[in-house]
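Here the chain labels run A, B, C and D in written order, and each chain numbers its own residues starting at 1.
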């Protein structure tokens, strides 16, 4: 036992040292412009997002930083982990992390923000209280708008650079139209992760399909933590679903689903928002069966370089150069990347760091970034559409197809102005 | 010729003042009074005064310290009658949900929801765990560990009580200081109350149950009933903490059942020392600010509590409090043998 | 038919979760709350061996199992030994170390699509129109083998008998010269080995993530609570109750209600028979 | 008819218990009249202690009945039985060694049974405890009652255990080898106490190896061997029985009393 005393006190001392190690709050706000990133580093969203922000900040600093009141000031990043990975971790803890970051690091602005919707909702009051502009890029819950509408003056500091769930849903819906038109598929089975945004996503697809004469087999919500999809898959199989439209962002469940889908040899086309299918390394993790599966990526530039949007190619090239790998979906890192530039421009336009001035400038944002042209609507949400990347932010739908030499690659198929190929129907579905 | 080997050993003696002040019930001098009062009075004074000098963030830290302190106390109370729980989060969550839902669906003000949550929640816990008291410690631990996690999953999947998103914008306390002082005062009150109970006959019986249940039974005492009472008391304490935090953050979510609320109190008790409630209190007062200052480590924090927990159990089983009180009451001399 | 097959698979998986835990407890009375952590740790080790050390799959899998077993063994000698017999301390130390491992993995970012073990064998077969992949067949096979092997081991090998003696009555076992710590550490090693094997068989079905550790632990506990600790048969029964219950619930009430099954089952069992359906009441009740 | 029933206080019918196939107690039945002093003797492992455990509820019987004052108390939990008025001492004393001697009595004094006799409000119990201990040779003015139980000699511990049992004001007192490990003088000082209780009308069951002391006080003796009752009767007739002697020393010799 005695031998352990030094070890024990060692740990205590060590931890105290770390606590001392964290820089003192007062002087932090002098020279550089602080960007606070309170998010869950545990998830790809957070991890990849932070990487993207780093990239942007380095570029900006390399080019002389931000011009404000005649001075060129660099950006500085302060990350703090809210560990909001899974529902198990306390929201209070996340809020404490938020508040500690705000009060001690004194950031001029926050990017990326919370991962879990409830943390976002709970943190809105906090952000409003401390009057710090926040450019969120992850959490997407309809409740955000709802709460924002309650009191726009109070919550004016909150912006969201990325799209809400409904836009990509329309993308999928229209892709389904193509399938119907070109190949005459008619039975669709909906399965979604039982969270608000995913439900809204799926609901929109469902509505669209009703109107366009698809024949709905079923509309099932699964718990985000579900670990067995055999019920759904067998249902789809027995009812001869042509397409399985799925919305799921938690890698765990999605991965299990995909693997089971492959294993049970379900003769239906997978379509929807399914990160494991969208990921660049899908052929390794899932297997060659990813071929023909169709996934939407929002916003563009998350992980798929698009020839028709050079910016995405460039961004992902730099990203790969810096970090060795492409970003790992599900992530909205192009938005995070844009967010920094939007912030820069806003600061320069406002020519001050005063929150209220900054907010006014942000509201006037009109920026052509990786994810398209970003402007905010009256709810401070970036406007996304599917017409023209020079008008709004855009997303992309792509399909895994065999390229030359039998190598699987992701081919953009929708919308037309991004498409590099046509949707192919798997041979085992031809009739 | 044989060699002389000098052996030494540590010898501990009570300080004269200690001996005086606990055997003779006449306080001899002002010094004695201070000797007796200070260890109790000083922390109280500090805790009462400190919020006046703190910013809102550090005030929150203090509140958390008190909340975890309350949980640690309730854990220690259970442990003192041989019930080892791994799920203070169960109590915490019950309290949070009772008060939160009452407030949200029936618009009852906090001044009522908190007492209701305290008693009702406690009763609920007692009812739920009553069957387990007949089983050995590990069973109780298993059940208390598993229930909160299952409840998280249930609310998460079925979406009752606001589901994953929880319920936000509950009614708050009228003034910022109220919840701070509510936390602090209740924490101190419970601390001294429990220490008092421990010395009373009731406490004696509880401790005896932990030592040797058969002997207690042969003393004609219904140990199961006593244990259920203990669960009720500890449970309502945990529920109180939960209700308090819910109204403090005006937010209710499944995370109130989170594992943190189970592990931290235990860590606090292990650090401070089990059996004397002061240990639990001290532990939480050390551990929570420490953990806040460890945020730089991000997710690794919890891992570090666990490390502290394990090491303190193995290397310092008696806990810091015993250690300090020994230093306070006794002096050591090295004597030859 | 579907329900039958998948209920069966589901139950076997649960049984695999629980077997290591209940075995360790049955032998040495150590409730190893780090069980789930060991389980997922195996996955982590295997993945690293596979993708970073670049070993072939089977090698890394076997290595991972061995490493985990060794870990369990050492874990006993380093930690448990010091607090053996103090119920409270055992409880807290195992639990805390489990959480520590999980949080550490989480901190290492053990989450996401990257982390998944390949299937042993792609594809699957059809049983009465219900598709089952080979992996799940493997799972079933392992589960059945475990039960048989354990039975033989415990009843027909010297050390197995020693284990049983230990489980029956520690004092007597000591007096006939069975080393207490030796058996304890072996039991822990065996428990973690079982956890590891289950992990290697089950994890390829999906992605890996550190929170699975807790998932495994609670299911192991739920099974033992419902079936009754210390009785292998009870454990199996418990896992079948939950397993089929979940599949039925998913099928007829709706997928989101699966989780209600273990919860309500536990509460029911507590109300009716606290020591579990097949629990040996005499041993578990307060020694009246 | 009813008259006889009323003066039978404890009745044991065909009580049986076996541990994993080993029969510990088999079909033992006896009756204890009010104010009667019964002794139970038998060689080691003849199931005496098990019988006590069965009666006091510490072990659940497989078969048979225990009837206390015309009330079937079979399978009651120990504390219920104690509360009804059967209290016992242990062969291996069960005390709280890290408490002062008198604090050990607080626990029985907290029992709901005692509340009926003495109020025992807060603080009062200490005085009551010390009063009781005074009768058991822990002089109130000496340090003895305040010493840690762990530091007391064995004889005192046995008496403390007895005091614990008596603090409950029982109607039936069961003494499980009270004298084992006591010195002659200690026995000599304790025996009168028990006789006093007996004269006060307390019915007592006493398990003992020291036949001499036992036979000198009891009204009737029950002899167990291999869990079976082999004899019952007054001391002198029992001591003459053949099988009893065989049971004790294996051969037929005179047990001198």
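Throughout what follows, a residue touches a chain if its C-beta (ideal position, glycine included) is under 8 Å from a C-beta of that chain, and two chains touch if they have at least 3 such contacts.
Please read all numbers here as calculations on a predicted model, not as lab measurements.
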Using C-alpha centroids, which chain lies at the maximum separation from chain C?
D
Pair with more cross-chain C-beta pairs in contact, given A-B and B-D
A-B
Chain centre separation in whole Å, for chain D relative to chain A (CA means):
76
In whole angstrom, what separates the CA-based centres of chain A and chain B?
40
Where chain B and chain D are represented by their mean Cα positions, the distance between them in whole Å
42
Between chain B and chain C, what is the separation of their C-alpha centroids in Å?
32
At least two other chains touched by the same residue of chain D: list those residues.
58, 77-78
Find every residue in chain A that makes contact with two or more other chains and list them.
1, 41-42, 83, 88, 194, 223, 225
Give me the residues of chain B that touch two or more other chains.
149, 153, 157, 159, 214, 217, 223, 259, 298-299, 307, 314, 317
What does chain C use to touch chain A in their complex?
2, 6, 10, 82, 106-107, 109, 111-114, 116, 119, 122-124, 129-136, 204-207, 209, 211-212, 214-215, 247, 250-251, 254-256, 258-259
List of chain C residues in touch with chain B within their complex
25, 31, 33, 79, 82-83, 87-89, 91-93, 95-97, 99-100, 103-104, 106-107, 214, 218, 221-222, 224-225, 229, 256-260, 262-263, 266-267, 270-271, 274-275, 284-288
Touching residues (chain side chain A, partner chain B) in the complex
1-2, 4-5, 7-8, 11-12, 15-16, 18-19, 21-22, 41-42, 80-81, 83, 87-93, 95-97, 99-100, 103-104, 116-118, 121-122, 125, 141, 143, 147, 194-196, 223-225
How about chain A: which of its residues touch chain C in the complex?
1, 41-44, 47, 83, 85-86, 88, 194, 220-223, 225-228, 230-234, 237-238, 251-252, 254-256, 259-260, 262-266, 275-276, 279, 281-282, 285, 287, 328-329
For a test of understanding, state which residues of chain B touch chain C in their complex under the given definition.
79, 84, 86, 128, 131-132, 134-139, 141-143, 145-147, 149-151, 153-154, 157-159, 213-214, 217, 223, 259, 263, 266-267, 270, 274, 298-303, 305-307, 309-310, 313-314, 317
